[in-house]
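Take a look at these structures.
Below, chain A partners chain B and then partners chain C, in two separate complexes.
Moving on to the complex of A and B:
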């Protein structure tokens, strides 16, 4: 083959041609656009669509004027919050301050709350009931931690709101999922709503929720439900679709009515899948603890915020770890429940007396009443005495101080180097790009990866960010998240590769990333600020810490999935270990790794609002400003911009992963 | 499950308790309404103390009090509808616009000053005086900007401002006074003081926005920068001050911290209304209480209870 034809070979590929043309045009616009078409470089102010004012006006109409004839919209939403408040008050009463009679400071306790011993006992029983004594010990230990480290009161308030939010989230998700399963149209309508629920930052809809549902913990619970429900819907749809056709046929043959079909056939057969959704709802609800406390949920989230406001890093960490511990206990218990085989009811059992048939319930009730009665006399049985509480004191603070005093200069040098050589140039580059070229390139990418529908989606969504006048902030968002994702991938993928085949290392890595994901980022944000000052670098570190987990998890998962026969074939044909890794394992794990990167991007975007707390100037800041100014329209507009960036990234990467899979013959 | 008979026993017991509970509060002094008055709590210690002092005093007068966690600015929506009733700390410096907007609707009422004076200004730790001898005079900042610089800003100095939502016109101030400083905004006040703590541990240069009453000026030794004194002309008239062509060539305004309420408070609980209106506390006692809680780790409710016990003569005069 001649030289020329080798050089020409790639050009035969139409894809490369398209890309080259697109980039060439974009480049020319970038160089000369400033003179020829200044409007293409910087979107003219006069063209900005005042969407945020429309939304704010719409909101005030909803609150003040909207009516259904018999009752107003506000009355409807207040009715809903009244409905949620009843069970919440009950749960709070049982767990935290006892059942009260009366309101405010006149309230009189008529029944004390469950004693701490009783609650620990119930959790232990749950552990034993769902799995074994090991789980019982773990769950009991977790709750004992809460008592011993003096986090009991906060934890019970948090637990009460979780106990209310989770059933609502599960029921709502289950019904939405059932409806989408049955009616295609509903599914089509629900999907984009779910996408938005998962990608619009929570801060963006806190203000409207406060307006509609009133001040107090109920609004926080509703925000939690909105945030935690989408995975339940998605998993419900998937689990129902996964029910084998034979089961449905059987149901039809024995003459099930529609209702029987749903509740006696479909839902029970889909149960294992549904329980995964339940687990997700619990975990996401716990992720919301900090944000919920900002609008009045109180509990552990408030403890974290309050300690960090007085820079008490030690107690901030203790409260943060309490959230992690609570999450671990609830996660393990719900997983055990998901894996538990349905009990077999035997004839002999049915003849047992009631209290023996429900042995766990009886024992728990006995403990509740016994400790409750003893607790009336002995205070330490009722609530864990403060004097017995353990604390790490100023350990955390001293550690940060030690690093700060001894290693600040080294850290500063690293930070300055990264800032000057990577962050700032990249930011300038992105901000200098003509918006029209970016929109066009995204459309081309969409077209190449997924056809004209995807192209249209990318173009329309990115145009939205331009037309509402948030282009610069969107670009800063892309810059900050992009850089963080690159670093997260550079750190996470090698760790994933290393840990994939080493069981003990994997066990350790899993604990670390689980903790990083459930520990409220606010806890490590303040030490990061102390070491790196406010600004993009501190924000980047926080984002990386939070978004690292999926990069590691999916890489490890992808590599473990590689067909061992293929690796054997590699060994037989004399590949070196490096070749096996790069030519076989990584190549085959690529689609999985891409999905991991996708998740990393989603998590990075969801951290945006938190990074606004350390002074970034991106969309997160816009959302945060809107929150503090109670400006509904501004918050939702910026929130939609974040969501659209997320959706574009998600669709492009998913389409890319699918193409890669097809090329590798995995599907 | 309960045995039926026992269940009724429990019910009867509960009913007796409820009856006892319902009777108990009647013993207190007659007040206009036994509905709870909702006082808002935000997220800084000083505000907790002011609010809880007010709450405890109202309780002594027989009122029913409920504390509600609410956001500082978002709470105005609740005060307008009557979901919330009293907010004890609206700072002239940060809350004035929101307060004016709310009182203009007629649904929210300004109940006057708390007696606390808000100070917000540029602040530096005492050890910086050695590196920049002319301080606290602001003119010294022009000469030793480099002493306040960090690698990203050098040779300009670095000034750490509050979150952008606090306003404050610091970018304009730097411009108007012609000092070579770069203004960096912290996202929250936790981040602001995290940086101060970090710099203070290393005796490193720092210049930042500090406000009082707060624990920071109590915990760290330092001073406010002496800018030309604030006046409304300075903020509105370019020709005023050292720079004849620019506004904001002066310090930040200092001003009172206000109490506000839902306008229905006056009619529903007139006694509580006048008590809140009459209440006054001052910066020194507040500073002492804030440091007792935040620095010495004392229990907040205990500190409030001590104040109530030691100042009986004062709060008795607030009552109707």
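Moving on to the complex of A and C:
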């Protein structure tokens, strides 16, 4: 800060004083606190609030005693299970093992599943219908890959779960969004719930769902719905708000009833926005179905998990790649669907015979029946023969072995150097901080950036982590997350800057980060474990890889959207390229870059919990242990801690970005 | 001119945005004369004590710059926005006392509205959009499509029934908007800046089209615009709004000749007098000449710009006659030159 701006803005003066005072106090506490007030250094065990036991007791009460008069809580959960189980059985039957009669091993197949050829054909038709032959080839190729590389069965089980979870997620999100749009009170109630649902790590709500619905695909689907719905709610609210006021006026002027207004005016007008939500729901569902293999989803996720557990890198990579392939196919198809324009006008259409009007459906049905009949006689039509399957398992294994034989020392040296010089000192430093100073500093930051409300929020949420006795684990989470975010920013921001100014590079980078973001988080664990085995360093690499995309995207976006007139003004004033970048572009892109860092933090936290599988000792591990023990209280408490860290970071950074924007006059 | 009935009357209509606006108006009956009080109370006076009357079959234009409250006022008239106070009488019925159900009924059958940005439903074809108001009423498909085809023909879009809005140009889209608002044969037709989003040339064409339709349909029209030239071109009468209040209401000629406030005078200053003033308003009293001595005959409602070429060669004044053919005055070349000199 230059002297001139201090002189011009006296309030900044006071801001510097406040920070200096706060840091000085914290420092003094850090140095002398151990003797004067030991309770401020380490939170006394006796003060810990036994929240996790209360939650567990509450859950037990729900299951054993709770009743709504007409029916008990257990009956309610069974009802929900039944509602989801029926369509799931049907979808699984159609895609995977045929429609069965009877139970268990006595089951008789009364109808074979769709042939693999029929499913590939349907996907091709979808691709052609939503966009063009290129997409048809891509999607068809992806599914053919699954068959050829022996991942068909797992993929179909995963797909069946998604097919059931997605409609529930979309419909639920749409209705919740409509209700919030219409009634402010509902929105006010829903918003914090959404915030929490999106920040609580996924493992954390697997625990209560496991507790309520048991181990199995139904629980997995419920978890998937819960996970995939919040963005749909948000997008619905946003899309409805985005409907021009004139449209609403039109609806009123032609005398629409409420229902007509909703279904004939608002929803159709908001459709492009809503379709973005549909894409999100599909991709999040895929991500969650993979993770939910921990509570019995089966399918590709289970295979990755199983190979992770027995460290069978080869088959783990195969399943991982299959997930990637499935993700790409689903993402491109649903994006094409979202961007699909309504058909061009056509006068002749109404007069065509039924089968020509629905040409795609007709062709698909024909292929389904034809291959189904042939499949009864010829087995290779019904299901792709195992003998033809190509396996890359040994290839992956060999690759890993080769890397480890030739580069083990180098990798190990890097790992040790980073661990000793960066990770461990930072971890020690954070763990040594007095909790009361951290809480106070967060409150001061909240106060400076957003006023006393934000200060209160920061203080209360961080105090929660202290009082439930998870302070040390919270600090380890912050340390891992913080280090990963710093590295992600150091890598991502320069890439973003480079890509923003080069059109072709940006095209390439965009495809890469788009693809990275469609990959379920589980997939990232495989190569990391393979190269670095378990521990904090491996976790950090996985987190960086997973959280890199928004840092690049927001930076590039922020720079690209700088007003070209300002750049012209810079050129006219005789700035060099470097000056234009540092004095104009980066200054103006700062708020956007901050939001990118915010997103990076959110992704990092969600990934961090999953890296518990590769042996971290943070809150993620706490949640993971709770999951394996089905200890609801422990899982939820630790989950809330992660969520609160996320919320504090999010609110502080958003407030900072707002201030920066206001200062730059971009609002 | 024959006496016409009032179709819509606004009596001291108010719309204040902000908290406790109604209580404020109750406590300050003199608020109309003290606008500064409104701001002091933290309220925004979008529409302030508007009194006006729209006569059956006329084109009533509400003109004002952006933020003058004209859009809010027209939305108060149809109760899309709930006025804070006042009376809005539609054929004698106070709309502000109508129930929700009555209002839906009135809007379905007796009002139509055209929007600045067209407000066409993107998922419906031209036919579907025009038939939409009838669909909402529950009319059977065959009937509503027959009616829609008729109006599509009327606005000159025949053959485009199967097109989607995104396949049409701006002018064509607004024709669809116009057709849709006419589908229910409304008695009262609101047009909220219908041509503002169009290119100047298309705007001109649409204005002509609009006048042609009105010649046939004789609707009662409330037309909103920020374009004074458009107002003069289309209006039977104009209300000029400023800061939520009406400055002056009158025929285009009145506004030009007798602006009530400096604000109105500012608007009318650059208006070409010859295009606005009629022969009747600038003629001189009869000089008791014989009818045969005049250079020719002009009717009182012709605009000066129209007759100016006739005067070039004329040495003698023209006789001015009214609609019935009676002699009411005379007009000499010098009188017209004076007008033209003024601009």
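Everything that follows uses one rule, which is that the second predicted complex is superposed on the first by the 618 of 667 C-alpha atoms of A that agree within 3 Å, B and C clash if a C-alpha of one lies under 4 Å from a C-alpha of the other, contacts with A are read in each partner's own complex, and residues count from 1 in each chain.
The rule is short, and it goes like this: a contact is a pair of C-beta atoms (placed from the backbone, for glycine too) under 8 Å apart; a residue touches a chain by one contact, two chains touch by 3 or more.
For clarity, every value in this text was computed on a predicted model and none was experimentally measured.
Bringing the complexes onto one copy of chain A puts chain B beside chain C with no clash. Contacts of A:21 after superposition on the shared chain: neither chain B nor chain C is touched.
Comparing chain B with chain C, more residues of chain A are touched by B. Contact with neither chain B nor chain C is seen for A:171 once the two complexes are overlaid on the shared chain. Once chain A of one complex is fitted onto chain A of the other, the partner contacts of A:408 are limited to chain B, with no touch recorded for chain C. When the shared chain is aligned, no partner comes close enough to touch A:664: not chain B, not chain C.
With both structures placed on the common chain, the touch criterion links A:254 to chain C but leaves chain B unconnected. When both complexes are overlaid on chain A, the residue A:616 reaches chain B alone and has no touch with chain C. Taking the two complexes aligned on chain A, the least Cα distance separating chain B from chain C is 24 Å. Against chain B, in their complex, chain A makes its touches with residues 101-106, 108, 110-111, 207, 210-211, 214-216, 293-298, 302, 305-306, 308-311, 354, 401, 404-405, 408, 412, 416, 419-420, 525-527, 529-531, 533-535, 611-616, 621, 624-625, 627-630. Considering their complex, residues 244, 246-247, 249-250, 252-257, 260, 264-265, 268-269, 271, 341-342, 344-347 of chain A touch chain C. Only residues 75, 78, 80, 104-105, 107-109, 111-113, 115-119, 121-125, 132-133, 135-137, 160, 162-164, 166-167, 181, 184, 190 of chain C touch chain A when the two sit together in their complex. Residues 1, 14, 17-18, 20-22, 24-25, 34-38, 43-45, 55, 59, 64-66, 68-78, 83-84, 98, 150-152, 160, 163-165, 184-195, 197-198, 201-202, 204, 215, 294 of chain B touch chain A in their complex.
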